[in-house]
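Each chain gets a letter, A, B, C, D and E, in the order it is written, and its residues are counted from 1.
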Amino acid sequence: MNDQLNQILNDLILVKADAVLIFSSVVFLIIGLTTTSRLILKSFYVISLLVYLLLHEQADLSVIYLFSDFYKTSSIQSFFKLLFIVFSGFLVFYPSEKKQGVEFYFLMLAIIIGSIFMISANHLLLFYIAIELTSFSSYLIISLGSGKRVFEGSFKYLIFGGTSSAIMLYGISILYGYQETLLVSQFTYFGDEPFYLFGLLTAFAGLLFKVSIFPFHIWVPSTYQEGPNAAVSLVATVPKLAGFLVLIHWLDGMKFFSYDWARPLFTLLIIFTISIGVLAALRQKNVKRMVSYGAIAHSGFLMAMLILPDGFGVNSFLWYAVIYALSNLAIFMMISIFEKKSIIELEDYSGLGSKNALLGAVFTVILLALIGLPPTLGFNAKLYMFSSLLGYYQLSNDLWILTLFIVAIFSIVVSLFFYLKVPYNMFLKSSNEVSVNINLPEKLVATIFSLLLLLGFLYPELLITIIDNINLD
Amino acid sequence: MSLLSLIIFIPFLAAGIILLIPQRFTPIFKWVALLSTSAQFVLAIILIINFDPQLSANSWGEIFQFVEKKQWILLNLGTLGWLSAEYHVGVDGLSVWLVVLSALLLVIGVLSSWKVTRRTKGYFFLYIMLSSTIVGCFVALDLMLFYVFFEFMLLPMFFLIGIWGGIRRTYASIKFFLYTLFGSLFILVVFVGLYLSVSDADLSAKLTEQTGIEQVVHTFNMVTILDGNYDNGAILSPNTGFEIAGIPMRYWAFLFLVIGFSIKLPIVPVHTWLPDAHVEAPTAISVLLAGILLKIGGYGLFRVAYAMFPDGAMHYAQPIAILGLISIIYGGMNAMAQGDLKRLIAYSSISHMGFVLLGLATLTSEGINGSMFQMLSHGLISSALFLIVGVYYDRTGDRKIENASGLAIRLPNYTFFTALFFFASLGLPGMSGFVGELFVLLGAVGSENSNGLVSSWVGLVAVLGIIISAAYYLWAFQRMFMGRFWLRKPEWEEAIEDLKPREWIMLVPLGAMVIYFGLFPNVIFDAMSETVRFFTDHILTQGVEYAPK
Amino acid sequence: METSNIIFLFLAAIMVGAVGFILFSTNILRILFAFALVTIALAGIYVLLHAELVAVIQLMIYAGGIVVIMVFGIMLTKEISEKGITTGTHQIFPAILIFLIVMFGGGWMIYRSSLTWHEEAMPTNVVETTGKLFLTDHLLAFELVAFLLLVVLVGASFVAHKSKEAKK
Amino acid sequence: MNLNAFLYLSIFLFASGLTIVLVKKNAVLVLVGIELMLNAANLNLVAFSKFDPKISGQMFAIFVIVLAAGEIAIGLAILINVYKNYMTANVSEIDHLKH
Amino acid sequence: MQITGTYILALILLPVIGGLVAYRFEKDVSLKVNAFFVLVTLIGSFGLIGMVHSESFVASRHWLDDYTLQINVDRIAALLITLVYFIALLVFIFSIHYMKGEKGIKRYGLKLSFFTSSMVGLLISDSFILLFIFWEMVGFSSYLLISYWYYEKEKAKSAKEAFMINRVADAFLLIGIIMLMVQGNHSLSALNEPLGFWAGLFLVFGAFGKSAQLPFSGWLPKAMAGPTPVSALIHAATMVTAGVYLLIRLSPVLPESLKFVIAIVGAGTAFYAAFSALAQYDIKSVLAYSTISQLGYMMVGIGVGATTSAAFHLWTHAFFKAGLFMSAGSVIMYMHHVFRHQYDPQDMRNMGGLRRFLPVTFVVHTICSLALAGIPFFSGFMSKGGILSGSIQWANNYGEIGFLWAYLVPFLAFSTAFLTPIYIARQLFLVYANKTNLPIWITGFRQSYWVKAPLAILAVLSVWFFFGLNPLNANGWYLSEYAFASFASIPISFKITVIGEVVATLLVIAGVSLAYLIYGRGVILSVGQRRNFFAEFAFRGWFLTNVYAAIAITYQSFCRVLAKIDERFIDHSIDLLGVSMVMFSRSIGWIDRYLVDGIVRFSAKFAATMGTILGRLQSRGIQSQILYLLILFISIIAWILFL
């Protein structure tokens, strides 16, 4: 017993950053309750994250299990944790919305914590709690938006989320029954007994919900549309990427690709996800809703790299993830800036480009990154994705992958149609409305984000060094 | 920084300057643009002077001059190996003239946009960016770099047409953008396949040494690909047995590239963006579009599609030659039926670009030389023609052929230049248009005897092209410039005046060059004949070697 | 027939009946009562499975907590709404189809499954073991769930508070 | 009494929970449906933990019960707000986000 | 060697330089400056004859690898250059007065000089590329000259049509050249073995085009839209003989089959044109058709193997036809002076009795006409005689091997010989004899010496002794031995020569008599007279222009249809492609409805439709969405479990 406790203490030191983050968020809550100054809140929020960065230790390449194998860490996990923290830190630059008090930032921290534990969990219980933590916080944070319909968005989110997590839990229980353990790392291949497969597939439901893969993507548009921008940006990035990381872990741990049907199935789901994302985005008149459909398509792209075996896609996935995070950060920032000026629908953007050439250009760059055109990092992301798909195809001659490849290519054409509506409206259409005054700091931040997307393309060394040091499983 | 990098990056400097100057100093922008493009032009002249035409080569690595190479991306992709992309530029006989042509036309383009008054800052900023990417596209020796320039060119173009264009500018710009981008995706697919199939031995060895583990570095380096450093069993390696629908993968790749670049060239039946884009674009942009951007399609065919897939080039020589033939005739016939002078010229471009494709498809020395020459000469002639249309449009705001006649009486100088370029374009001997067409035809007819790839009837039928082009030009000239002086609207009569000094400055050098290169084409041929010789030999030998067995 | 079997069948019958009631009744308070009944019966089944602690917690939290909150929810909403409480159902036929498929498909799969209790390996003192586990292996989970409850507390109260503001 | 009996019961609970989620118009009852599904999973977990010396299943079930309470709390908190805005608890009427 | 090259270059460029220099001078003097430069060049070209007397001059310039531009100046070329410059000089001199007061005289001078240079360039070209370049240049400069009065719509149109027809023939020539070049023959002098039939045929067609043979003959009457001196130079003496010149050059390597084609087409053209000339009213049209007819003779000469005679005819024809054109020009000048713009100054129906007012012109016109008609003691008789008897001999040769169709050639040639005096005598009668139709009389008109001098020179040069001592000896040309020794000519027996000449003379006399009977006794034609079918047939040149017009109109409408297709269909075909790929499962009717839409719009619409469908799913009530989610999920599970 004592040994056990000592072990736990040792382990706790190893995960001190995660633990302290929980602690500091509670502290943040307490401090926050005493103040109403947004500046103080933001600075404490950033401080909590900085503390994490301070305590964070880059893990080794090999995988380490802690807390009786509940907790797992390796370089890929710690990289993503860093990514989450840095990403979330930048969210303070978003223009604040009314009534964003302490609870808003506290819930953001909760989402981050949930995601961090999600990717670290080896035990399904820990994973379940973590995923529920992010879900609950997401439901709540979405409902903190301004606007009347925000609760509708968050309520729908809750119903979907609750249902899918219940389905997932049912699946987990079945897996437990067969595997007799909840530790993913100890799972074994279990043949294709129907009930086991049923469990396996239902267990994936919650995960697919989190990463918004077809058919669990329905909640995305209405949720994103109404939520506060910083929160949406967070929800669209951090838990989603965490979900993908868990997916990597599960696919591997549950020996998923030992089943013949697995790759075709996922390929099909991805194809549907991508097509639905881009096609549905076409008819949107609301920019945010359009971007959220775009985000669904991006989920498909991200997932596409994960279904490739033997590390064919992992590196590309890392790149895509980083670039996706960066472009999400930027695009929601832009949306947020404009939303503050009540520029929400596409037609509200008409003629803005002539008066605000800089913002127009920045917006265009970001959208290019989302489409995947040079000279932005988005192109790199797409390029690596295509490389992975084609590289695997040349090895396996798998027609499913080729189909996926073709769909991905075509989806880029379609995504042009809708993403470019914004610059089209901004520059090519004219309106008589007065120009929009955007204050300098916001302009500056938006510009920096878009410059990052450009510079990252021109000088990719920095990202390369970081990503190269990550274990590729 | 080498000469080529300077040519590419000077515009960036200028663009920065433009960005820093506030909008209200409107007249400054054009001067900055003029300065920047002139600097590019001067450098391009230095380039051509220092270019060594005699340099003979036995491999692609030796043929490029003014090479500058820096590692850009070296990325571990896990199981896939490494990805390497370089900032790698250089010119050979194929590209050097295109660089010079671009530099010249860019200067002329600035001059012809002298009267742009609306949102000048944005206009010249985009123009300058365009000038950089255009040159970059011609000198890039790395597929990724090439693609980046190729794609990035679209955006400035999109906005330049879409904001400063004519009435249906939005439609035209979107059409242009989508068509070209659609094509470029085909190209991207092949590029991805290509780099995955090729590895750089030096870099691989270096990395293997560094890490101690066997490493493979896939590279976008064009030279490496051109020299055929294919991996065994990779998707686009020769003779690997990858095929879809019974057609080997390499053939697919070749066809994809042809589709991609043909859209840019353009070739019937993917040409329909061109007339719209031309008609709606402002004059300067039409000049660039016809003068340079189409050539990028042609250059891409030379440098990428043909040089990298010689087997496909040989296998599909006949169909592609026929495609070129169809373009020649179809474009010409359509030009005949156009009532809008600019549309007429746009369609004539399609016809003339058909010669480029035809010449290239023959894979004969004459055909390829002719094809290159045709690109250059068309660059000069068509841009001059668009300037000519612009001159008339500036004065009247109209371009309909039927709305004017007898212009020669009131505008003798203008008529002189019109006639000069019309006849140059219809291939009158003594002007550059003729030389290109002649050699293309020689190649097309001779191919059957020399390498047996293209039947001679294709070339013989293509001779129809010179009749067709004569018909529409003469007809248009007769209707618009001859006969009684008459204009549809009386107010035009006051507006109409002969060439202004600025227009003289633009037209005279073009006219002089058209005649000079028509009389002394060897000036151009000499600089590129070594490259073309190597290019042709390379395709014919490697084409046989790579062909599926 | 063993006693436990009889008890199981009895509890199962209660559950099936109660669930049926939930499905078909329109009286919302009775439905909630039936739901409480289901959770209580389930607690009984947990006892049958030697999971006394789970059963207790089930009783406490479900019967004592969740159902009460729900009743509050109903009351609160009823107070505001003038239309009365909506209790109807819709899209019944597809739902029944889903029900049948899941039920019988699942039943079939269970029937075909190889799952059995090969040997009973429960620790003797479940409660004690549970307590130990909470503080050792499950410490991280425990901590996290505590934080989660904090989040729920703070979040729910703020959201509810927000509605008050909205009312003003 | 064997494992399958419990599993049958659990799948029944699961299916009914799902059905309730699908058919009930009242939002609170939809939450009830979700709870039933969670209970079904719990039943599985507890039943399976009978052969697990570490009784992970039981532990899991305890946590799930706690989380279920939290979910209900959040759900009702949001629902009250929805009520305020739409004056209805009818799920099919809470549908204004159309585009 | 180098010096000779420079000398030749100077000879070619001098007229053009003269044209440019003339731009610096006053309007009245500019043509004189031009003429002076041509005079210098002419003197220079005599020097050239001396230079190439012993051996021909060959020089080349590199263009691309195997492709060099080579010139070859041999005796023939040098002689013809002199001829061209000589006629050009006369034309310039004639123009001084003729063009007085016209707008753009300097432009005229430059164009004419440019033409002269191009023609000389054509004569010296040896490599095919160069030949083609100058070939086109000649056509182009002719276009420029024809469209001299560009502000008159009809003339502009004629210029365009003339150039188009030329261009079509040039395309044939180009094909022929390319076919030869890909076989490795890059220059005329390098041709040794007989041409392949097809390559040769295309070359011959090209030559037919320039020399206005059927079916290209229509351009020459059109070309009469230009100023008359231009017609004298281009459309009588020089440009039109380019085709003949080329064929003479090629004749050693022409296969028999092609020669046959040439002979037949030449004879046919000669007859066709002579027949057409009978019904023309325009004074220049008669001469244009007459030119076509005479060119037909030259073709016959080449075809039957009487190459030297063909060249001889080319030579003599240059003088007398230039003389005829200039006479016509001075008549027109007079008419113009009288009428200003009231009546058509070229219509012979408005003329008559001009003998009294234009005595010099009348004499010259008559002498040249006699030469044209082939009266003994005039140049035409000699040169034509060789061709006529050659054709008999040739037909005899064929007849011996039983190929009697060959007799068609001499038959047509002799028929033409009969028709020629008729139309030319008709012209003389209508213009100079008879009573006049002129409503106004002006007696004070005096012809300038600038006009009279060239006329007189040309008239003199239509007499036999400038060409051969014996007026009856068809082969007695001074230059035949000097320049054409290397050309194998068909051996003609003395008997046939005599028969040919006698028959020809008889036919001419008969023709003249007939013409006198019809027109010589005061027939007055009025402008509005109706024509019978044959007259109409001849007048319209056997409806050849109508055929051209029909072709042009068909082509234009075809182009319009094509453009419509391009606009309506090709523009949308990409959409069609995209749609059919994605939508193959949809019904045909659906596609049809949307087919008319454009690519961008179409794909956008398609995608939008799909989007709407998806969006509807998206925005249904939550529970329906969950239902749909479950259905999908269950189907996935079922798929995995049961497939």
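Throughout what follows, a residue touches a chain if its C-beta (ideal position, glycine included) is under 8 Å from a C-beta of that chain, and two chains touch if they have at least 3 such contacts.
A quick note: this is a predicted structure, and the numbers were derived from the prediction, not measured.
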{"item": "Labels of chains that are neighbours to subunit A and to subunit B", "value": "E"}
{"item": "Chain of greatest Cα-centre distance to subunit B", "value": "C"}
{"item": "Most centrally placed chain - per-chain CA mean versus overall CA mean", "value": "B"}
{"item": "Between the pairs A-E and A-D, the one where more C-beta pairs touch", "value": "A-D"}
{"item": "Most remote chain, CA-based centroid, reference being subunit E", "value": "C"}
{"item": "Chain centre separation in whole Å, for subunit D relative to subunit C (CA means)", "value": "6"}
{"item": "Geometric centre distance via CA averages, subunit E-subunit D, whole Å", "value": "96"}
{"item": "Distance from subunit E to subunit B - Cα centre to Cα centre, in angstrom", "value": "38"}
{"item": "Subunit B-subunit D separation of Cα centroids, rounded to whole Å", "value": "64"}
{"item": "Of all residues in subunit B, the ones touching two or more other chains", "value": "174, 178"}
{"item": "Residues of subunit A whose C-beta touches two or more other chains", "value": "125, 129, 132, 136, 140, 143, 156, 159, 163, 177, 194, 198, 221-222, 283-284, 417"}
{"item": "Where subunit C touches two or more other chains, by residue", "value": "90-91, 94-95, 98, 102, 106, 110, 113, 115, 137-138, 141, 145, 148, 152, 155-156, 159, 162"}
{"item": "Every chain pair meeting the contact rule", "value": "A-B, A-C, A-D, A-E, B-E, C-D, C-E, D-E"}
{"item": "Residues of subunit A touching subunit C in the complex", "value": "1, 4-5, 8, 15, 19, 22, 25-26, 29, 67-68, 70-71, 99, 101, 103, 106-107, 110, 113, 117, 123, 125-126, 129-130, 132-133, 136-137, 140-141, 143-144, 177-178, 193-196, 198"}
{"item": "Residues on subunit D engaged by subunit A in the complex (per definition of touch)", "value": "10, 14, 17-18, 21, 27, 30-31, 34, 37-38, 40-42, 44-45, 47-49, 51-52, 56-57, 59-60, 63-64, 67, 70-71, 74-75, 77-79, 81-82, 85-86, 91, 94-97, 99"}
{"item": "Subunit B contact footprint on subunit A (complex, rising order)", "value": "310-316, 319, 354, 357, 364, 368, 373-375, 379-380, 383-384, 386-388, 390-391, 393-394, 397, 402, 405, 409, 412-413, 416-417, 420, 424, 427-429, 460, 464, 467-468, 472"}
{"item": "Of subunit E, residues touching subunit A in the complex", "value": "603-604, 607-608, 610-612, 614-615, 617-619, 622, 625-626, 628-629, 632-633, 636-637, 639-641, 643"}
{"item": "Subunit E contact footprint on subunit A (complex, rising order)", "value": "156, 159-160, 163, 194, 197-198, 201, 205, 215-216, 218, 221-222, 259, 261, 265, 276, 279-284, 414, 417"}
